[in-house]
Amino acid sequence: MNVSRRSFLKASGITLAAFASGLGFDVAAAKAQGYALKLEGCTKITSICHFCSGGCGMLLHIKDGKLIHLEGDPDNPINEGGLCPKAASLQQVAYSPDRPKQPMYRAPGAKDWQYISWDEAIERIAKKTKEIREATFTKTEEITNAQTGAKETVTVNRAEGIAVIGSAEIDNEECYLLTKFARLIGTPFHEHQARI
Amino acid sequence: MTTRKMVFVDTSLCTGCKGCSVACKAWNELPAEKTKLIYGYISQDSTTPTTWTYMSYHEKYENGKMHFLMMKHQCYHCGDPACMKACPVGAISQTDSGYVLINQDKCIGCGYCVANCPWGIPKTDETKNKTYKCTGCIDRVENGLKPACVSTCQPGALQFGDREAMLQTAKARLEEVKKSYPKANLYGENLMGGTTYVYLLLDEPEVYGLPANPTVPSSLTFWKDIIQPYGGWLIPLAGAAAIGSFFSTRLINAASSKSKGGKTHGH
Amino acid sequence: MSPSFGRGAMTNSWQDMQNSEVFLIAGSNCAECHPIAWKWINRARLKGAKVIVVDPRFTRTASKADIFAQIRPGTDIAYLGAIIKYIIDNKLYDDYYVKTFTNALYKINKDFKFEDGMFSGFNSETKKYSYSTWSYQLDANNNPIKADSLDDPDCAFTKLKEHFSRYTFELAEQITGIPAAKIKEIAEVFCSRRPGNILYALGMTQHTTAVQGIRCYAIIQLLLGNMGKAGGGIQALRGEPNVQGSTDMANLNANLPGYIPYPTNAEKTLQHFAAKHGTAQYRPMVAILKAWFGQNATAANDYGYDWLPKNNPANMPTQTQFFGQMEKGQFKLLFNFGSNSTVSIPDRKIVARGLSKLDMLVVTDIFETETAQFWREPGMKPEDIQTEVIFLPAAFVYEKAGTMTNSSRLIQWKEAALKPLNESLPDLDIIDLIFKKIRELYAGSTDPKDNAILKANWDYGKHADPYKVLEEINGYNDNTGKLISSLAEYLNAPIGTVSTGCWIYAGVTGSGNLANQRNNSDPTGLGLNKDYAYAWPGNIRVLYNRASCDANGQPVDEKRKLIWWDAAQGVWTGYDGPDVVDKTKGPDTPEGKVAFKQTPEGVGRLFTASYTSGVPVAATVELPVPTRSAGMTVDGPLPEFYEPIESPTANILHPNVQNNPCAKIISTEFGSPEEYPHVLTTYGVVEHFCAGAITRNIPWLNEIMPEPFAEISKSLAKKIGVKEGDKVEVSSARGKLTVRAIVTDRLQPYKVNGKEVETIGMPWSWGFASLSPGPSTNNVTMAAIDPGAGTPEYKCCLVNIRRA
Amino acid sequence: MVTKKERVLRFSGSARFAHWGHTITFLVLLISGLALFSPSLGFLAAIFGGYVSAGVVHRVMAVFYTIIPLACLIANPKGFVEWWKDVFSFGADDIKFLMVFPLEFFGFPVKIPPQSKFNGGEKMNSVITTTSCVLLAISGYIMWFKESFPIGLVQWSYPIHDICMILATTMVCMHAYLGSFHPGSGESFWGMWKGTVRADWAAHHHAKWYEKVTGGK
């Protein structure tokens, strides 16, 4: 009985002390803490936004080859660090699990893709290009001379069966090379979404 | 950093692009949520544990003239933060620069801050038992960068700087904007002890669905300034009385049994 | 714009918008589709600039406008015509500017006529105009005869005045649905504040009257003297990140890089080509042939001109028409680099029909687009589709080095920041690998037809190096053996001694990689940033800036000085690169007055006359080679209003000529206003991009804009018994789709010819695949294209709507 | 005269179950909840393995805390009715009791007026405790499911929960002490523990009730 009485007292004491010291609002100390920046130690590489034609500069922070963060490039005089939602979201493309991992092939009539190697893909494309080019090539055609009205045969070197749709979303060098590629293989049928 | 900072949200310049929403997610590494359109272009109409800022749109067609108002919402970082007052575990603190922060190590997700914020900004993740809200990008700010939302804002509707200077900018801009929008007003300059995010609204706060005069709930003041500091004393008082009685009854009993020859009180 | 000014590009820069006093934003929802514009428009607004927005919907752009007018889609020319009439009637034009820098005083051929909606020279069989009467009265030296005053009955200004005299504010109200008083207010505000800036985008170009609408802008800006000035100009806000570059690089059937006209079978030799297009095009043609064929291109073999495929003008399909040619069996193999036609082509069922007929479709893209998997769209039968499809995963923008050219012609270099994800490769490598493999297959062939492949200059390293390609684009000088150092070096070198893959880019790598310049200082405060990256041509930031100076070559606007004539040094100089013929020719010389040097007349063209400048001279070739021919508007030298192909009303200007007589119509199904009473307009939203192939795979963007919708007015909602959030079915004669309804005051019914009309607005960025699939609006749109630009009329067609 | 050996039944089984069930749940709720009352009492949460598990315990206990009295009410409504009848038969003797009680409490010999089954103090305790407990439960559930209630109600629930906690705890302290270590009330503990009390104690402390149950013998 004595023991329990003593323990009761003890507990009461502790509770009392706690109340005495702890009651009332504890105003949080407003102290500046050391906030670590996740960008520390990152390499900064600039790039250009992939959407509208603004040409806004993006700044990619890279650590150990990994993209840590992407935001507007404050030194680009066009956007001065600003980015619209589309551009600001672009870091989600870097490691998107939805990006196809390797070339894919869909056979005639097939219901799904199958993965193929780059070598196989390029081989198939090149062979098909040659096949179609050979089958649909127009070396010369007859035209009416607008001035004289005479019929004449002209060299046109056209691969009629091949069309190329380029893109306004790839780099200049790529656009240029695509234009060159199309015309070299013989197709003037080369367009892209600038028309849209 | 000792001076108070401020973000001036000039809704007369905001184009509602939601760039701030995405930049916030990107910087704070917050996952996307599955949404549906709720109304108009609105797919989010409140903060969530993983959405710390969102855009709202308000349409008002008056006298043949359309008003399409828009503003971003996030924690206001009050000068007198109700959330901080409500927090029972001291997880919420305020920096000298004016930012109100939840220390996630201390937060227990009780939600007291959620219920007491006049704008209902903090939100509790019930599975993690942690409450989250805008941090004002304190890590950026303390390291000399602008908050992510400010930094990304293309139309320049968000400006960041020392509070005094920003307020001057805001007031000057208000004068200008009032010429075309007579109801324009600054929202936050003096509210809740002066907020860190101060808005130039083109119309009355109610049009934006905002409380015109947000205050620290009186229940919270009553609770935290009266009940908790003083009311609690009742308990130790009762305890003390019990202890007092424990001894006094026995002392009196002993005294009286001496005088009455050891007879008990006879209960 | 090219027919008006000589170049078809945005004239000023994004940063330059801060210098404007007033904006007319019509045909662009730039707050959503070009958010960067608003950084700079807002800077101008903070200085007091006014913003006028004309749009079929009250958009997020309109929310920031001082004046907003809701217009019936496709009727811009009507109210713009009224503004032109207002400027002329009230003599608000800049007299000196108009007389000096435009062809206002040039006398027009007396046979030119405009009657009952048609210009003279129409051939109803070919649906094409002959330009013979759209010409100047010429003197013996082939120079246009100039009138003494703007009142001369033959001069272009008078023709303009007469043509637009019909366009009253009241007539414009009947056509556009904008109240006459509001059109007047727009005219007053825009004319009273200069410099004024006009911004447009696809809202203007996606019509069968695309070019003529933009011609109206050109006329307004020339009359007001806003061209060539800081804060002025016409900004064609282009749609994609590198659409300026891809057009510069001629991913188009009618050009070679640098806007060289693509040779047709009528130009059977290089000499014929030179005769047709003049030295202005002959020079770059030789240079590009030298770039492409290197040592194998010699004067003796016409620099390999023969090896190039020649266009047959009778069969020059544009992208929208490609799919019809596939269905007809012409095309068997399609290379599709980074575009998503299955979502983006109007009346889009034509795409799947076409693709199904191919032998092989090759798609490169970042994500698996709808186009790549067209064969498994719900409703398709994959087992019946014999097309082989190869999908090649492409590297994303920051995974590869290279340049992109923004809307204001700024060429910016970027390094690869990350390795391409998984096995993906830059498109450059993909093209390089395919070409090298094809060349391997043709190795040893002696067939002349294979010369193009075998004799091509194609060596960019084992892994194609974009900088090597850019150097080829920049070009080399045979005499020095070095890269061309500047545009001037290319222009001054004898023909045949320099090569360049794209002459307008000449100089970009001539003295180091100028596209990679990073000095962002702006001492002028005008936002020129001249040492940041490189703008073609010749690093000029404000095109036609000669027009910003007076008769003495001094800036007319002291606050916005761009260039001036330094008499002491005898040279044009300034903050910007002077856009002049010759920097040493002063303002008192004929050359020194030329502000629009890419037109044959050297002036801005109010009336797009058919004209080829220069006298016949013997160049290095035998045939006569004139110097420069004019860019033409194929559907008339002056803009005229025509109703959209599908319209709720008759053309009240000329009931017999309802539509643009030259429009090319691809769709085969049309709806009547009785059956389909409402006007549909389509657009993008800020949260998604174009066909959405990338943005619909970005969770953060799906979060802020999760689904497609149809915006309708409250009155229409009431009529069809729909409330916010209900599903509605929108249908046209071509197809239908079901989406969520947004009921809003931002659309209002309006009166057209006394009849109440409703506009329905729908974004088009959704397709059946991706993380956020949704029905495609292009199920219902119209495949009819502008005769000049080749752009389809996405922006208006007739639809019906009901509760789904 | 009653002898010391005789015992009288004071509390039925269900009443005792209700009392002790309530006591245990209340104490657990108190300890698990106090951690949130003041940051300095945070150590109490450690008993439960931290705030989060303390919160879980608090919520689980809250359910028992509300179910037990309700269950007993349903099982033995008569007992409840009697209890409350007695509690509300608050008369002059009860007031007298309350007046002398403080002296009695500290051990001064006083004359206690005749009391019914529950003395004036116990009646007070019953009213305050019951009110507090009902309000505690209501405010607690509002706080728990705050999304379902108007924000003003939620906000007021916090101070109300605390006030009720303070009152209830104060009463518990007094009640527990009086029911255990207070020399004068010791027997009442056994009343609630065994159900019966010594007859002589009953006669002395709850004369009215004693007379009523024993028929004035």
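Going by the order they are written in, the chains are A, B, C and D; count residues from 1 in each one.
Here is the rule we use: a contact is a pair of C-beta atoms (placed from the backbone, for glycine too) under 8 Å apart; a residue touches a chain by one contact, two chains touch by 3 or more.
Just so it is clear, the model here is predicted, and its values are computed rather than measured.
S.K.: Closest chain to the protein CA centroid?
M.R.: The chain sitting closest to the overall C-alpha centre is A.
S.K.: Specify the chain pair with the maximum number of C-beta contact pairs.
M.R.: A-C
S.K.: If you average the Cα atoms of subunit A and of subunit C to get two centres, how far apart are those centres in Å?
M.R.: Result: the chain centres lie 25 Å from each other.
S.K.: CA centre of subunit B versus CA centre of subunit C: separation in Å?
M.R.: So the centre of subunit B lies 50 Å away from the centre of subunit C.
S.K.: Measuring from the mean C-alpha position of subunit A to the mean C-alpha position of subunit B, what distance in angstrom results?
M.R.: From the centre of subunit A to the centre of subunit B is 37 Å.
S.K.: Taking each chain's centre as its mean C-alpha position, how far apart are subunit A and subunit D in Å?
M.R.: 68
S.K.: Can you pull out the residues of subunit B that are in contact with at least two other chains?
M.R.: In subunit B, residues 17-19, 21-22, 26, 90, 154, 156, 228, 232, 235, 239, 242 touch at least two other chains, as defined above.
S.K.: So which stretches of subunit A touch two or more other chains?
M.R.: Correct list: 19, 23-24, 26, 70, 79, 82, 84-85, 88-89.
S.K.: By the touch rule stated above, which residues of subunit C touch at least two different other chains?
M.R.: Residues 35-36, 39, 686-687, 699-701, 704 of subunit C touch two or more partner chains.
S.K.: Contact residues on subunit D for subunit B in the complex?
M.R.: 35-39, 42, 45, 50-52, 55, 105-109, 143, 146, 151-152, 154-156, 158-159, 162-163, 166-167, 169-171, 173-174, 176-177, 181-184, 186-187, 201, 204-205
S.K.: Write out the stretch or stretches of subunit B touching subunit C in their complex.
M.R.: 12-13, 15-19, 21-22, 25-26, 31-37, 39-41, 43-44, 51, 55, 59-61, 66-70, 154-157, 180
S.K.: Once bound in the complex, which stretches of subunit C touch subunit B?
M.R.: Touching subunit B: residues 31-32, 35-36, 38-39, 41-43, 45-46, 58, 60-64, 66, 68, 685-687, 699-707, 709, 724-725, 740, 742, 744-746 of subunit C.
S.K.: Please output the residues of subunit B touching subunit D within their complex, sorted ascending.
M.R.: Subunit B residues touching subunit D: 86, 88-90, 108-112, 114-116, 120, 129, 217, 219-220, 222-223, 227-228, 231-232, 234-235, 237-239, 241-242, 244-246, 248-253, 256, 265-267.
S.K.: Where on subunit B does subunit A make contact in their complex?
M.R.: Those in contact with subunit A are residues 1, 17-19, 21-23, 26-27, 84-85, 90, 92-97, 138-140, 142-143, 145-146, 148, 151-154, 156, 224-225, 228-230, 232-233, 235-236, 239-240, 242-243.
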